[in-house]
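Look at the two complexes coming up: subunit A is in both, with subunit B in one and subunit C in the other.
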Partner chain A sequence: MIKAIGALLLRAAVVLLGTAILTFALLWNAPGDPAQTIAMARFDALLTDDVIDQIRDEVGLNTNFWHAFRAWLGPLLRFDFGYSAVTGRPVWPDLWTAMTYTFPLALAGLASGLALSLPLAILATKRPGGLLDRTSVAIASLGAAIPAYWLGLLLILLLAVQLGWLPAMGARTPAHAILPAVTLGLGVAASLTRIIRSGILEARGQPFLPAIRRRGVDGRAVARDHIAPHAAIPVVTVFGLELAFLLEGAVLIEVIFGRPGLGTFLVQAILSRDFPHVQAVVVLTALVFVVVNLAIDIIYRAIDPRIGTEDA
Partner chain B sequence: MLKVTDLAVKRGSRVTLESITLSLPAGETLAVVGESGAGKSTLIAAILGLLKPAEGEITWNGKPARAARPALVMQEPRAAFNPALNLRRSVMEPIVAQGVALAAGRLERLCAGLEMPLDLLDRRPDQVSIGQAQRAGILRALIAAPPLVLFDEPLSALDAVTQKHTARLISELQAEEGFAALIVTHDLGYAVAHGDQIMVLKAGRVEETADANTFALTPQSPYCRTLRDAAISLGALEAAA
Partner chain C sequence: MRSVLFVVIGLVALAVLGPLLAPYDPTAIDIPNRLSAPSARFPLGTDALGRDILSRLLYGARWSLGLAFLISVLSLLIGTSIGLIAALGGKSADWLLMRATDTFLAFPELVAAVVIAGLMGAGTWSLIFALSVTGWMRYARVARGIGLSVQNQGYVVQARLAGMPGWSIARWHFLPSLIPSLTVVWTGMFARAILGISALGFLGFGVQPPNPEWGAMLLDARVHMRSTPLQMIWPGMAVVTCVLTINLAGDALRDALAKQSSHE
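So, the complex of A and B:
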C-alpha cells in the first residue's frame, strides 16, 4: 500500500510538471502582445515602444522559452504567484479571497447534489423499471441536458424575482449562496442519480448474492458489504469528472449570480491579459485536479483491494 | 425432507424443466446426473427459490423450501464470492449472519478435510486457484451446519485425490449432522458411490430415478444404459458383477 501510494505521488508530480510546461507554452505563444495590453490596462493609453519594452522586461517576456520557464516555475514552487500585471498587487491574497468564495460553493454544490441523488437513486432502484424509476431517470436526463446558466436564470426568476424568497445577486449573506449552490447541485444530481442507480442495479446482479441471502444474510448486510462498495466505485470515478463540471459550473454561476470568486477572477484576468492571474488560476486548478485524482485512486484501493495490484 | 412435486420451470418462454418429482429425506443424498443443458442447475435454482415454478411445488418439511435456508455450492467457483473480500470474510458470512457460534475446531477440521491450509482464507478469490475457490465454496456451504445442501458439480475443478478426500469429508459430515444433500455431478462413479438415489435428467425431464445399486446394475431406460456403459468404459464405474 505504501509503495502504491508512492507510485501514485510520483505520477501526480509528473502530471503537474507536464501541466506547468503546457501552461507556460500556451502563455508564451498567446496571440497579441501582452506588453501592449498591460500598458493599456495600466495607463489606459497606447504608449511609446520604450515603455512597452520596459514592461516586457519587467514581466520576463524577453528571454528564451526554457529560461523563462525556469524563472517562471521557481516562485510557483514556493507558492509565490507574483504580482498582478495589471494592478501590481500581489496575486496570492486576491486569489485566496476568490478561493474562499468558490471552494465552499463547489463543495455545497457537490454536497447538495449527493444529498439529492442518493435517495432518488435508492428509491428508483426499489422497483427497477417501475414508475418511480422511469420518472427519476427522465428527470435526471432532463437535468443533465439543461445548461447550468439557464437553470440558474430560471431559479433566479422563480425564487428571487417572482416569489422573493431568496436573494439572487451578490454574496453578502450565507442565504446568497443557496441559489448558486442549488443550481450547481441540480446539475451534479442529474448525472450522479444515473450513475448511482446503474451502480446499484449492477451490484445487485452479482452472481454470488442469491446464495448468501438464502443463508440468512439480511438485506441490510448485503447492502452494506456487497452493494454499496460495488456501487461506490463508479460514483468515485464520476466525482473526479464532476470536479471539472463543478469548477466550470462555478465560474459560470458566479458570473450569473454576480458573486465574487475564481470565476470572476479568471474572467477579469483573461479580459485584461493579466498573465500572473491567469497562471495562478490554471496552476491552482491543475493542483486541485491532481490532488483530487490522487485521493480518488487511494479511495479506489480502499474500496476494492484488487485495483492496482497488477501494475506493480 | 425436501419434496418436489410435478415441477415445471420456464426460462423466458422455453420450458426448461417439466414434471419433476423427487423426495429427499434428511441425511440422504440424491445424485443428479444428465448431459449439459439438461436442466440440473435450473433445478437447483428452482429449489433455492431463484426461479419461480410455472407449475408444481417445492417444500421442506411441508414449508416453502427457503425455510431450510439451503446452502449452495455454485458451479462456477470464482463467481461464488465477492471478489473484493477475502475468503475468510465470505466463508464466515453465514455464521455471522445467523448469529450462531462456530464450534471450536470446526473450521480447522473442515479445512483439513478439504486440504486447504488455513492461511489460504486470507486471500481473495482471484488469488487462489479455481479448485481452491471451489473448496472454499464447499467450506462456506457446510460451515454453519445447514439442513439442506445443494452441490452443483462440487468436485469439477479438483484432481482425483482431492476429489476423493473432499467426497469423504462431505459423507462424514453428513453422517454426523444429517443434512440432506442434492449433488449434481457428471461423475457416475461418484454418483453411485455416494448417492442413495440417482436421478437422470434429460432435456428437462426425469429419465429415470433409482437407488444407486439398481441404477448401476439394471438401468431401465436405453439412455441410462448408454450412460452407464460409457461410464464403465471410461473406468469411472465398475462393471456389474
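So, the complex of A and C:
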C-alpha cells in the first residue's frame, strides 16, 4: 500500500511538472512579448524598456526555453503568482476571492446533483427495465446533451424572468446562488444517475450475492454491506470526472449569471491579455485537478483491495 | 438503432443541403424586420439585425457539425498515433507518453480550450486547434490498451515469427481490433466537440460573427432574452438534438458491439 502510494505521488509530481511546462509553453508562444509579461507578473504595471531588457537578460529569454522556464517556475513553487498586468495588484488576493465564490458553487452543484441522482438511481433499479427505469435513463441522456450554459439561460428565463421567483444576476444574497447551483447540479445529475444506476445493477449481479442470501442474511444487510461498497467504486472514480465538469460548468455558469469567480476572472483575464491572471487560473485548476485525482486513486485502493499495487 | 440512424442521416442531410433549403441569406441584414416573431415569412422569426433565424440555423449546422467532425477526426488521428506508439514503442516510450496524456488530462478540457483559443486570438483556426489539442487523450488511452493486448495475442506473435511485415500486421491484426472501440469513443468525442464549439462560440472565443454558428447565435440572442425569448430557444434546441442523437447512436453502436463480442 505504501509503495503504491509512493508510485502515485511520483506520478502526480511528474504530471504537475508537465502542466507547468505546458502552461509556460502556451505563454511563451502566445502573441506578445514574454519579457513584458513576466516583468508585469513580478513588479508593478509601469515599466521602462530598460527594466524589461534587464528582465530579458535575467530571466534568460535571450537564451532558451528551458532556462526561461526555470526562472519562471521558481516564484510559482513558492506560490507567488506575481502582479496583475492590468491593475498592478498582487494576483493572489484576487484569485483567492474568486475561489471563495467558485468552490462553494461547485460544491453546491455537486451536492444538488447527488441529491437528485441518488434517489432517482435507487428508484430506477427497483425494477430494472420498468417504466421508471427507462424514464430515468431517458432523462439522464437528455441531461447529458443539454449545454450547461443554455440550461442556465432557460432557468433564468423561466424562474427569474417569467415567474420572478429567484434573482438571476449577481451574487449579493445566498438566494442568488440557487439558480447557478441547480443549473450545475442538473448537469452533474445526468451523468451521476447513469453511473450510479449501472453501478447498482452490476453490484446486484455479483455471483456471491445469492450465496450470502441463502445463508439467511437479510436484504437490508446485503444491500448495506455488499451492494453499496460495490456500487461505490465507480461513483468514487466518477468524482474525478465530475470535477472537470464542475470547473468547466462553473466557468460558463458564472459568466451567464454575472457571478464573480474563477470563470469570470479567467474570461476577463483573457480578454485583457492579463497573462499573470491567466497563468494563475490555469496552474491552480491543474493543481486542484491533480490533487483530487491523487486522493481518488488512494481512496480507490482503500475501498477495493483487489486493485493492483503496481503502476496502473 | 434504425430510428436513430434515420435521425443521424436527416441531420447530416440538413447540414449538407442547408444552403438549398434556407429561404434567405444567413448574413443578410434587414433592419425593418428586426426581432420579428415567427411568421409565414420568417418561420422562426428574425434576430436583432433582422437576419432570418431558420436560415442561420441551417447554415449553422455546417459550422457545428462540420467543425465537430474535423476536430473529432483530428484528435482521433493524434490520439491513436500516440496510443499505439506508447503500446508498441517499449517501456520508456510508454511511460513518457502516458504521463504526457495524464498531463493534458489535468486541464479541464473547456478551460484549456478557452485559454488556448483566447490567447491565440478568437477565430475558426484557433477553435479547431484548441479543441483538437484538448480532445485526443481518450483515444490515446483506448488505442494503447488495445495495442498492448493485441500485441501479446498468439496470432500476432505467430505472424511476426512467420515474417509478416509490420504494416501488414498493423492492417490485418491491429486495425480490426481498434476500429470498433475507437468508433464508440469517436461518437462521444464528436458530441463533445459540438458542445465545445457552441460553448466557445457563446463566450465569443469561437466562430466569429457574422458567421451563423449556434453558440454565437445564443450569445446574440442572450441580450434580447426578455423581449424575444424564442430567439434563444432555437439554437439551443439544435445543439441538444445533435448531441442527443449522436450520443444515442454511440450507445446503440456500443450495445451492438457488446452483443456481437458476447456471441463469439
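Just so we're on the same page, the second predicted complex is superposed on the first by the 276 of 312 C-alpha atoms of A that agree within 3 Å, B and C clash if a C-alpha of one lies under 4 Å from a C-alpha of the other, contacts with A are read in each partner's own complex, and residues count from 1 in each chain.
We take it that contacts are C-beta pairs under 8 Å (C-beta built on N, C-alpha and C of every residue); 3 or more make two chains touch, one makes a residue touch a chain.
These numbers come from a predicted model, not from an experiment.
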Exercise for the section: Could you tell me whether subunit B and subunit C fit or clash when both sit on subunit A in the superposition? Expected result: fit
Problem - Residue contacts on subunit A - larger count, subunit B or subunit C - result: C
Practice task
Scan A:His230 for contacts with subunit B and subunit C and give back first, second, both or neither.
Solution key: first
Exercise for the section: Give one of first, second, both or neither to describe whether A:Gly216 is in contact with subunit B, with subunit C, with both, or with none. Expected result: first
Exercise for the section: In the overlay, answer first, second, both or neither for which of subunit B and subunit C A:Tyr300 touches. Expected result: neither
Practice task
Considering only touches as defined above, state whether A:Leu252 meets subunit B (first), subunit C (second), both or neither.
Solution key: second
Practice task
Have a look at where A:Pro207 lands relative to subunit B and subunit C in the superposition and call it first, second, both or neither.
Solution key: first
Practice task
Could you say whether A:Leu271 touches subunit B, subunit C, both of them, or neither, answering first, second, both or neither?
Solution key: second
Completion exercise
For subunit B against subunit C after superposition, the smallest C-alpha distance in Å amounts to 16
Problem - Overlapping contact positions on subunit A, where the subunit C interface meets the subunit B interface - result: none
Practice task
Would you mind writing out the residues of subunit B in touch with subunit A in their complex?
Solution key: 48-50, 66, 69-72, 74, 76, 79-85, 89-90, 93-94, 97-98, 124, 126, 144, 146
Practice task
Spell out the residues on subunit C that touch subunit A in their complex, using ranges where they run on.
Solution key: 99-100, 102-104, 106-112, 114-116, 118-121, 191, 195, 198-199, 202-203, 205, 218, 222, 225-226, 229, 232-233, 236, 239-240, 243-244, 247-248, 251
Fill in the blank from the handout: In the complex, the residues of subunit A that touch subunit B are 206-208, 210-212, 214-218, 221, 225-226, 229-230, 303-306
Practice task
Would you pull the subunit A residues touching subunit C in the complex into a rising list?
Solution key: 11, 14-16, 18-19, 21-22, 26-27, 30-31, 141-142, 144-147, 149-150, 153-154, 156-157, 161, 243-245, 247-248, 251-252, 255-256, 266-267, 270-271, 273, 278, 281-282, 285-286, 289-290, 293
